[in-house]
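Each of the two complexes below includes chain A, the first together with chain B, the second together with chain C.
Now for the complex of A and B:
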C-alpha cells in the first residue's frame, strides 16, 4: 500500500520511494532503514522502516518529522550483492519456492506476495553466512496453495542435484499452507539422502516485527551443517514465542493452526529434533545421512483424490469422483468408517479397478477395520486400511506409488511398506 | 463369539448360555455374573462375566473349575425390569441412538453392534437411579456412521418432547464417529433449552473392563440434575484414565483421536464443564436453562457438501459436485485458501447461485480472507468466510440455514450470526 495523507506528502517532497534507504528524524530520535510499504492495519501517520538487523519498526510521524533519502533502491540494486564464499565452510543450498517466508523484502508492491531474490533472502539473515556457504536460488515464486504435483517433481530434482553436487543440506523456503504435502512428496521421491532437506516457512510475513522467518532459517542452517540428519523435515517454531524450533518428519506433519507460529505439529509421532539457539537436541529416532548418491524417484501419477466422509455424503457424489480417478484416499470417521451407502460406492469403485485406501479424519490415532462390522465390510469391499498414516500423506503417497508401477499388487505393497516413516508403528530406519 | 475348547464343553455341560447368570468356582474363589460372549482377543480358557457392578472380568478356567447356572436369561427377561419411580427425584430422559455405548449387553450375538433395551442401558449404571428418575427409550439402534439428516431431525423432536414434558435434562447415548455432527445439528435445531442435552458415547465397548460408558453416563446424569446448563454438549472422558469427564459445546467439539477415551476435544474454545466424581466445575461461559418451552427448528435442507481442498484438487471435480448441490462448505488451507483453478470453480458455483462458505482444514484457528491475494480473490468470487467455525459445524449449519429460508441474504445472515456458540470470538449468551 502507498502512503497517503501528510506522510504521503512528506515522502513525496523528500523524493523518497519504497525501497529507498531513508533517514527519519522525529524530536531527538533518528532512524535509518529501508522504506517499507504502508501497512494495511497501521494508522496513516506510521512510517514503516526495515532496520539493518532485519526487523521492521513503525515510526509515528508528525508535522515536525524530517525525512531524508540516504540511498536510492535503484543504486543499491545496481551494485548487486554477491554471496561470499569461504572454502573453510560447508556448502548448503537454499531453494526458494515462495510463500510468506520469501515475501518480506517485497517493498515494490506492498502486498504480501512472494517476490524476492535468493540473495536478498539469504542476506536478510546474515548469520547464515557465518555458518555456511550458501548456494541460493529461486525455483518458484508462488503461494503454496498453487503448488502442484509438477512443482513437487521440479523441486525434488533441484534438491537431488544440490545434494549430489556437494551441498550438505538443502533448505526449502515454502508457503505454509501446503508445506506438509510438499514435505511428504519430497520424502517419497528422494531416497538415500546424504543430508537433511528442510522445508521452512513463516506464519508472519517479515514486514512485521513478529516474523518467525529469521529464526526458522537459522535453525534450519544449523541442522544442515551440524547434524547427521538424513531425512526430509518441516522446521517451524515449537511454541508461539521465539524460544525454539522443532523439526517434524516430512510424512508425519500437519498444519494444525491457521495463524499461530507453532502451527505445525507432528501427528502420531514425536518431532525429530529441537533447535534452541545453537543447541540441537534429537527427540526421536531418525535416519542418518547416507553415503549417497541421492536417488530420485520422481514419477507421480496425479489421478487420485482424497474424500472426507461425513453424514449426508451422497453415494452419487462419491461415484462421480470415482469415475474420474485411478486411486482414492478416504478419510473415514473414527477407526476408518463410512456409511452403508458409501460402502456400496467403495465396492463399485474397487470393482472398476480404482484403488481405495482408508485413513481417519480424526487425524490422531490409527484406523482399524477389524473392530466393527462396518470396518469388516469395508475390507470385504476391497478398501485397504493405512494404519496411522495421515490422510494427506496417504494421498501424496498413493499418487507416488501409482507413478512407480502399474501393477495393483505392487501399488498395495508400496502403500503398506514404511518408506519414509509414514507409519509410526513400524520401523523404517 | 462362542466359546470353544474345554471351556465351551464345560459351559455346554452346565447348560450355560450367553446371557445366563452363572456361578463360576475356581479354587476357593466364586464369581457370579452374566455370561458374556468370548472376547476375540482373549485366550480360549477365559470366561468373561459381567458383574453386578456393571464391570466385566475375565476368569481363567481350568479343568478344576466349576460352572453352575443361577438364572436363565429367558426367565430374567420374562420378569422384565421396570424402572423405579421416586416422586422426590427429578426426571431425566435417556434417548438412545446406538453406538458402542449402547452395545455392551449385546450378549446375544457377541459382535459389537448396537442392540440394547433402554432399561438394560440404565440398569447397567444403577447409580443413575440414585440421582434421578429415568425415562428411557431406544430411538435408533445404529452405528453413528449411518446417522443421516432425518435421524438428527427425529432426535431433535424426541428431545424437545422430553424437555417440554418435564425432563430436567436429556442424555443421548450415541456412536462416537459422528457424534460431533449430531451435537451441532441439535444445537441449531433446539433453541431456548430448559436443560442440558448431553450426547454421550464410549470408546470402549462395555464388554471390556476398560469401558468408559458408565462414568460418562453417570457424569451426564449429574449435569442434568445438578447444574443450570441450558446447552447441547458432548460429554466424554477428559483424559485416558477414569479421572474426570469434560462437557464440550456441541458446535465446537470434534473427535480428534480414533481410539483414545479422551478422543473429543473442544476446538478453538475451552470445554464448558468438568465433572469429577460428584463435583461439577464450570470452565467457561455457557447458556443457562431457559424458562421454556423449548423451540424446535427442525427444518434442514440436505443439499450441501463439504470439500477439503488439497494440491492436485481438480477443478472438474469441484464443478461436478457444485452442479449437484445448493450449498458448499470449503475447508481451505491455512487462512482459508484454494488454488487459482479452484477459485475459478468457486466463482462459477456462486454465479449459478450455489452458496460457498469457507473454513480452515487446519481446524484450529480462524479463516481470514483479507491477508493474502488468494483470500481477497475468494471474497471477490463470492465465497463467505466463517471465522473460527469448524468445517463440520459449518456444513451442518449450512444445511440447517438452507432449511430455514430460501432467501440467500437470510441464509448469509443466519450463517454469520452466532446462534449456538459456533463462533468463539463473538458473544452468543
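Now for the complex of A and C:
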C-alpha cells in the first residue's frame, strides 16, 4: 500500500502524504487530486490520484514530474457511538474475531480494515438492537487463516464468561476460511451450554449493499433470543438468495465453496435449524439449553498434523512430519486408504507412540478399513478409523483430546466417543 | 423558443455497449427470451466512512424492494455476485482507448476500476464497476467545437423486466456488458445541437466497429438546465430523434416551475411543516370511484393543505404542466397510485361540496391548495410527507433531480441526483497499465472517420453526398455497405434505410428491430424478380406487423411475380379502353395512362418496365 523506489522518494521530498491533495505535473499535463495508497498490483512508477469527480486514476511519474502539496489531509473523526440498553430485552454477546464480516471499508482509500470497536460492528447492523441488548467485544482482529489454537482457547474462555454472566447466546463474527475449525474447537471446549454459540461469517464484505453479513447476523440474533438451542453452530446463507439461513452443527460443517454465500454445508448430517425471516424451524435433533454453568475444557495440545494422502506421497515426507508431532490425522482416499509405502510409515509412527487417525478425503461418507486388504493392513499397523468425522474436525479433536490427557488409551477413548455430535452412525439415503 | 435568452445549457452522456464480450467475466452477451434459475436478493444502503448514507440510496431502500434476478443458461457466478470479477477485458480497454484517440483525448497512464454505489437492484452487487480512461478532448460538430470531458469504461446494468409492488425482476443477460460512457461539456445551447452532437459521437463510436448494434445498445443521458433553473438529468433516452424533444420539454418544464416559484414568492409562501388531516368521514357517501375503492379496502383519505399554492398545481393556459405531476411522482415513490389536488377538483367524481368540505376541514383560504391521497394510513402518510417536501422545494424553484424519459418526449421524476462521494476503489480488479506501444499502435490504426466514409460511399456506390451523409448519421452505414456491396442496386438499398425505415417509424413500427437477414431476403427476392422494388415498404410492414418471413409476406400481399405477357395484356386493355384519350393527347397521355395501369400492377412489376411497354403500345397506336 506504500509507494517505494523513485516515486516514494519523490513524494517524500514533496512531503506528500496519503490523503493530501496534490498537484502532479509532467510536461504539459497537470492533475490535481487526493493522493491514494499504492495498489499492490499497480506499476511502481504510477501514482494513484482520486480526482474531484471521484474517480481514481494512475499517472506516471518520472524525472520530469513535479509534485506539489495543495492542501493537507483533513482529519475526519468518526462519531463515537454508545450502545443503548433496554431492560425489557434479553442480552446477547457479540465477540468479534475479525474477517470479512467484522471489517469496514475506508471509502477514501478502498482499503478494508477490521472493525476497530464492537460498537462499529453493531451499528453497521442497527436492527440487532431491536431484538436484544448487545454486549459487544472485539477479541481479535485477524483474518481467519491466521487463527491459531491459542486463539480458540481465548475465544472459548470469552464465550464461557459471557454465557455464565447472563448472555442468552453468543455470536462470534469470524472469517469464513477457517470458521469450521473454530466451531469444532468451541464445540469440544465448551460443555453444558446455556445458550447457542453461533459462528457467523460473510462471503461479501459489508461495504457492499449486497453483503450477506446483515442477514446472517440478524438470523443469529433471533436464534440466540428466540430458541432453546444449546450447541455451537455455524450460521450462514442457505442458498444464493437472501431467503433463509441455515445453522449447521459446529463439528459437522465445512466451507464447500470459495466464494458463494451458501458455501457452508452440513456434511453427513442435516442442518440443525433454518431461519427464514422471523421463523425458526428445527430440522434435526439438537441439544437444548442447560441450566448451566457452562463448563470450560480449554486445554489443547497443538502438536498434531493433518495429511491429505495422494498418489505419489513419499514415505520420507510422512516420516519427517511424524517425527515432529504427537498425533496425525490422515485424510485417506475413498474408504480411508493410503499406499503400501505409507503403510510402512504409519507403522513406524505408531511404534514411536504417534497417534494416527484416519478420515476420508471424500468428506461425504464414512471410512471403513475392513473392506479392502489395505484397510485391514492399516488397522494392523495401528491406524484408528474415525467413522464419518470430517478431517478438520478430527484434527481439532485430536489436539483437544491430547490436551485433556496424556494416556494413549484415554486419548483413543475420547477420540472414539461422540462428544459434540462429530459422529453420526446413520447416513440417510 | 429563444434558447439563447433562456440560457439553455445541455451536456450529454452517451453510453454505448461494446461488442468485445463482457467486462469482468467470459459470458455471452446475447439477450435471452427465457430464463434459467432465479435468485432473490435485497440491497441495503451502506454507511460511508463518516456514518453518512447517500440521499438517493436511502430513497431506494425506503421502498423496501427485493430483487428477483433471472439467470440465463450462460450466466455465471460473477454476474450473480457470487464470485470476484475476473481481469478486465483487454479488448474493451483497447476499444475505449481507440475512441479516446478519435476525440483527441488524453488517456490516463493506469486505469483503476471503481465501485459506484447503485442500489436500485440493477447491479447484483449494489454497485457498478466503472473506470476513468481518458479526459479532455473535443469533437467538431458543424463549425462548433464541443468539449469532451471524460470517457469511462463501465459495466452495463441488469435488464429490468417488471416491477410489481415491492418486487423488481431483472434478467442477468445484459449485466456486465462493457459500456463506453462519454460525457460532453455543457456546450450545447439548442435542442438541435444536442441531437447533432449525439449523432456525431454515435457515428464515431460505430466507426470503431467494436460496438454493439440495435435497440438499447446506445443510451443517452441529457443534463439540461436554463438560467435560474437547475441541472436535471433525463436518464436513458434511446431514440436519437427524441433528443431535441426531451431538451425542449425540459426547458419548458423548468420555465413553468420558475413561473410557479415567482407566484409563490409574490404570495409570500413559506416552507410548510407536515400537518396531515384524516378527512375520510367527508367521503363516506362519495361517488368518486378511487376514494370509494380505497375506503372499502380499509384505507383512509388523508389530506394536506399547501399554503399559497392555489393555481400552481394545474396546467398553464398553454397546457404546460406545473407542480401537480411533480407532486404525484413523489407520492408514487412512497407506493401510492396517485393523488388528487385542488386545481383538478371538482372532478373524478369528487363534487364541489366535497371540495368545500375538505377546504374547511383543512382551514384552507382561497390562495391555498390541498392534496389528498387515499390508501393505507402508512402509505398515505409517507406519500403526503413527500408531497409537502416537494412542494416546499417548489418555493425554491427547480430541484436538481434525475428523470426518466417517456416515449412521448416528456419525462417523469425518478430520484434525486445521486450524491457525489459514493465511489470507492474496486480492489478486486487489477489496475491496467496503459502501455505506450498499445497507444501508438491504436493511433496508427485509427478507423475510417465518418466524413471519409461519406466520400468513399459517394465514389464507390454512386449515391449522392446527402444520401451518404444521412446513411452515416442514421447508423445504418455498415448494413448499407454490406448489402450494396453484395447485391449492387445501391439506390434501392439506400432508399430502404433512408426512406422506408422513417416511413415505417411514422406509422408506429420499429424498423430497427429488423435484422440484417430480413433486408437481405428482401434484396435476394427482388433480384430474383419475386416482386418489384415498389413492394418493399408493404413487405417490410407486413414482416414487422405480422412477424412473417419475407416469403410469407410476399405471398399474403399478393405481390407475387407477374410475367411480362400479362403486363402487356393489362397495358393493351387500358390502351384500347382509352383509345380516344390517347389519340387526343398523343405522347402526353403516357402519364395519366401509366397511373391507370399502375393502379392494377403496383408492387408487382417495376414501374420502369410498365412505362417502357406502355410507351411502345401508345407509339404503335399513334402511328
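Rule of thumb we're sticking to: the second predicted complex is superposed on the first by the 338 of 429 C-alpha atoms of A that agree within 3 Å, B and C clash if a C-alpha of one lies under 4 Å from a C-alpha of the other, contacts with A are read in each partner's own complex, and residues count from 1 in each chain.
In the analysis below, a residue touches a chain if its C-beta (ideal position, glycine included) is under 8 Å from a C-beta of that chain, and two chains touch if they have at least 3 such contacts.
Small disclaimer: the values here were computed from a predicted structure and weren't measured.
In the superposed pair of complexes, A:249 makes contact with neither chain B nor chain C.
Between chain B and chain C, B contacts the larger number of chain A residues. When both complexes are overlaid on chain A, the residue A:286 reaches neither chain B nor chain C.
Of the two partner chains, neither chain B nor chain C is touched by A:135.
Of the two partner chains placed by superposition, A:326 touches none, neither chain B nor chain C. Once chain A of one complex is fitted onto chain A of the other, the partner contacts of A:259 extend to both chain B and chain C.
Of the two partner chains placed around the shared chain by superposition, neither chain B nor chain C is touched by A:237. When the two structures are aligned on the shared chain, A:364 is found in touch with chain B, with no touch to chain C.
Residues 111-112, 259-260 of chain A lie in contact with chain B in one complex and with chain C in the other.
In the complex of the two chains, the chain A residues touching chain C come out as 29, 36, 39, 41-43, 46, 48, 51, 53-60, 76, 78-79, 104-112, 123-124, 203-204, 206-211, 214-215, 240-243, 259-261.
Of all residues in chain B, those touching chain A in their complex are 111-113, 143-149, 152, 176-178, 181-182, 255-260, 263, 302, 304-306, 308-314, 316-317, 320-321, 324, 331-340, 360, 362-368, 370-374, 392, 395, 399. Listed in rising order, the residues of chain C touching chain A in the complex are 38-51, 57, 66, 77, 80-84, 106, 108-112, 114-117, 119, 124-127, 130-132, 150, 152, 420-427, 430-431, 433.
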